[in-house]
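So, here come the structures, one by one.
In the two complexes that follow, chain A is the common piece, with chain B as its partner first and chain C second.
Our next item is the complex of A and B:
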C-alpha cells in the first residue's frame, strides 16, 4: 500500500512542478466554463426556466460541469498510450508493482490539484452570478452525489484505461483514445444537460454508461431524481463500473501478453 | 558455485506487419495485413554462475536486447527454457522481480520534472526496502557513483552522464542479485564511461552479484568481462574467455598517426597492414605483439604529430567471428 501513497505524493509534487501545464489546463477549463455560462445565460434570457431547469439550476449545472470534469475526466490514458508506444512501460513491468494501482495513485494526485483549482474557479464565478445557485439542503442528496461522483470517476478511469490499452496493438495508438474522448464529453452531458437532446437519442444514451459520468451526478445534486430513483441509478452505475473494471483488466492482461509475445 | 542463470534452446520469433511501399501498399495493408515472422533469438543455451560478470556481444539486431528482455521477464520466449535465480522470468513473480534489475541505457525510469531522490523513494516503497537498508544502500551508491548533490536537482536539469548514474542508483537500491545492463555507457563521454565501468566492477565484487552486460564499447568489455557470449542473427557463436576471443579474432590493434608532412603508404607497410592513408594521416592494423615496436618505429623515423593505439571495434570482431563460422 505504501508504494501507492508514495506514488501519489511524488505525482502531486510533479503536477505542481509543471505549473505552466497546470495553469494552461485550468485557463482552458475556465474558458469553457465562462462560455457555457454566457451561452445559457443568454438562452435563459428573462425566462424563468428552460427545459425544466430554473435559472439557478441551469447555472449550477454549468458550474458542476467544471467540478465534475476536473474530478471525473482526468485519467491516465494519454500517459499510458505514450508509455506503451515508447516502450517505457517496460520499466514498470519489471518492477513488483501493479500498474493499475500505480496509475490510479497518479490520477488521484491530478484530481486533487484539479478539483482544488475547480472549486476556486467556481467560487470566483459564482460570486459574479446573478440569481444565485442551487444548493441542496438534504444531507442524503450530498451523500448520493458524492457516491455517484466517485463511481463516475472510477468508471471513467477504467473505461479510458481499457481504450488506451488498445495501444498495445495499434501502432498509431492515440486514435482510439481520441475518438473515445470526443464522444465522451458529448454523451456524458459535459457540454449541456442531456435533456437538450431529442427523446430517442436521450433514451439510447441512457442505456450506455456515459450519462453516469456527469449528467447523473449533476441531476442528483439538483435533486431532479428522487432518492429512491437515485439509489437505483447508482446501482446501475456500480454495475457499469464492474463491467469496465473487468474489461480493462482483461484487455490489459491480453495486451501485456501480446507485448511480451511481440516485443516493444 | 551456484548457477544464477541458465537457458536451454531459448528462441524468440517476432511477428511484424509487412507493408508494400507507397500509398497503395498502405491502403492494401488496411484490408489485408500480411505478417512476417522474424527469428530474433534462435535456440540459445548457456549457464552463468553466481557472481560472474559476462559480456554479451553481437552486432545491432543480433538479438542481445531481446535475450535480456526474456531474462528479465519482459518477453515470453516462443520456445525454450530459462531459469534465473530459481525463477522462470516471464512468470513475473514479485519475489523474482525484487532480486533483479534491468537497465537500458536509452530508457529512463526516473521522473523527469522532480529530483531523482523522489524516484528513489518510490523504488524504496515498490521494493519494500527497510529504511536503514535504504539509507545504507543510498549512501554507498551516492559514494560509488559520485552522485553528490545531483539528487536534489530535477532530473531534466542533469547531464546525460549524471542522469545515467542516477539511473543506475535507482536500479540498484534494492541490491539486485542479477543485473542486466543494456548499453550502460552509451552516449557518455570517456570520463563518465570509466566511472560507470568502475562502478559496475565494484558492484559485482562487493555483492557477488551476477551481471550480464551488452556494449558496443570494446573497452567496457575488456575491462569488465573475463567471459563473453557472442551472438549473431540470434545464434550463439562463441561462449568462453574473452582472451581467447580477442586472440583468435582480433590479434591486432589499430594504430592511428598524424604527421607534419605527407608520408608514402609504401614506406609504412613494414610496420603493419595499411588500412587507410589520407593526406597526413594513416591508419594501420598492427599485430598485438608488435604494437610497441611499430609505434616506436613511427615516432623514430617520421615527423609524428599525434599517435593513438585503439582496440578493434567490437562490431569488427563480431563480423570476423561471423565470417569464420
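Our next item is the complex of A and C:
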C-alpha cells in the first residue's frame, strides 16, 4: 500500500508543479461551465422551471457537471496508449506493483487537484450569478451521491482502461479512444441533462452504463430520485462496474500476453 | 508576387498530400477520430433541435436562427482547424529542434509552422456542416445577396482573426518552448462561440466582443445575415482583425529574433 501512496504523493507534486498547465486546463473548463450556465439561464428566461428543473436546480446541475467531470473523467487512457505504443510500459511490468493500482494512484492525485479547483470555480460562479443553489438537506442524499460519484469514477477508469488496452494490438487505438470519450461525454449527460432527449433515446441510453457517470449522480444530488430508487440504481451501477472491471482485467491479461515491447 | 503564391501553393499541396497519405495509412485511428468529430457535431445539433421541442425561442432566436449561429461557429472553427493545424504540434517542433530546419528553408517559417499540416478529417466533417448551412439558408426568408455577401465576408474575417490568434500562440511557443496548452485554452474558450453571444450576461458579452473576440469570429457573421449587425460593428470587426494580424505578425517576428535554438 505504501508504494501506491508514494506514487500518489509524487504525482500530486508533479501536477502542482506544472502550474501553468493546470491553470490553463481550469480556465478552459471554466469557459465551458460559464457557457453552459449562460445557455441554460437564457433558456429558462422568466420561466419558473424547464423540463422539471427549477432555476436553482438547473444551475446546480451545471455546476455539478463541472465537479463530476473533474472527478469522473480524469482517467489514464491516453497515458496508457502512449506507454504501450512507446514500449515504456515494459518498465512497469517488471516492477513489483500492480499497474492498475499504480494508475489508480496517479489518477487519484489528478482528481484531488482538479476537484479542488472545480470547487473553487463553482464557488466563484455561484457567487457571481443569481438564482441560488439547490443543496440537499437529507444526509442520506449526500451519502448516496458520494457513493454514486465514486462508483462512476471507477466505472469510467476501467471502461477507459479497456478501450486504451487496444494499444496492445494496434498503434491506432487513439482514434477509438477519442471517439469513445466524446460519445461518453454526451451519453453521460456531461453537457446537458438527458431529460432534453426524446423519450425513446433516453430509455435506450438508460440501458447502458453511460448515464451512471454524470446524469444519475446529479439526479441523486437534486433529489429527483427517491432514496429507494437511488439505492436500486446504485446497485445497477455497481453491477456495471463489476462487469467492466472484469472485462478490463481480462483484456489487460490478454494484451500483456501479446505485448511485444515495440519501441521499448 | 504570383510566383511566390504559386510556390506556397505547391508547398501546401505537397504537405497536404503527405498528411492525407498518413491519415489513409492509419485507417482505424483516422476512422475513430472522424467518427468522434461527427458524434460531437451531431449530438450538439440534436441537442439544439431537442431544446426547441420544449421552447420557441432562446435569447430571442428561433430554431433556424440558433442553428445558424451553431453552424457558423462550426464553419469558422473547422476552416481554421483545416488550415492552421500545425500550431498544435508547435511545441514539439520547437523542442525537438525541427524549427531550426524551418528557419533555413527558402520558405516562411510561420507558414511552415502554422499552415503546413492539414487535417483531412476536418475537411470530411465540414461537408455535412456546409450541407446543413444550405438547409438553414433555405429555411430563412428571402434576404438578398448583400446579406449573404456580408455573411461570407465576416466569416472570412473570423477565420483571419483566428489565424492571428494561432500566430500569437506559435510566437509564444517559440519564445517559451512551453505553454503547449495555450492552443487548448483557445479551443475551450471557443466553446462559448457555439451559442449566440446574446445568451451571456452583459460583462461576458463585453469580454467576448472586445477582450477575447469570439463574438466577432462566430456571432457577427450570423448576425449580419439576419440583418442584426450595424455597419459600425462590421467595420469594428474588420479593423480589429487587421490590428490583430499586424500585432501578431510583429509578435512572431520578435519571437524569431529571440530564438536561440532549443535542441539539435
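Here is the rule we go by: the second predicted complex is superposed on the first by the 259 of 264 C-alpha atoms of A that agree within 3 Å, B and C clash if a C-alpha of one lies under 4 Å from a C-alpha of the other, contacts with A are read in each partner's own complex, and residues count from 1 in each chain.
The criterion applied here is as follows: a contact is a pair of C-beta atoms (placed from the backbone, for glycine too) under 8 Å apart; a residue touches a chain by one contact, two chains touch by 3 or more.
Model, not experiment: these values are computed from the prediction.
Model built by superposing both complexes on chain A: chain B and chain C fit together without a clash. The angle formed at chain A by the C-alpha centres of chain B and chain C is 80 degrees to the nearest 10.
Measured by the number of chain A residues touched, the leading partner among chain B and chain C is C. With both structures placed on the common chain, the touch criterion links A:228 to neither chain B nor chain C. Of the two partner chains, neither chain B nor chain C is touched by A:207.
In the superposition on chain A, contact is made by A:257 with chain B only, not with chain C.
In the superposition on chain A, A:43 makes contact with chain C only, not with chain B. When the two complexes are overlaid on their common chain A, residue A:127 makes contact with neither chain B nor chain C.
By the touch criterion defined above, A:93 lies against chain B but remains apart from chain C after alignment on the C-alpha atoms of chain A.
Of the two partner chains placed by superposition, only chain B is touched by A:17; chain C is not. Smallest inter-chain Cα distance, chain B versus chain C, after superposition on the shared chain: 6 Å.
Touched by chain B in one complex and by chain C in the other is not one residue of chain A.
By the touch criterion stated above, chain C contacts chain A in their complex at residues 26-36, 39-40, 43-44, 46-47, 50-51, 53-55, 58-59, 178-182, 184-185, 187-189, 191-192, 194-195, 198-201, 204. Contact residues on chain A toward chain C in their complex (touch as defined above): 20-21, 24-25, 27-29, 31-32, 34-35, 38-39, 41-43, 50-51, 129, 170-179, 181-183, 186, 191-192, 196-198. On the side of chain B, the complex with chain A involves touching residues 12, 14-16, 40, 66, 69, 72-76, 90, 92, 94, 97-98, 100-102, 104, 107-109, 111, 113-114, 118-119, 121-128, 154. Taken in their complex, chain A has these residues touching chain B: 2-3, 5-7, 10, 13-14, 17-18, 87-88, 90-91, 93-97, 257, 260-264.
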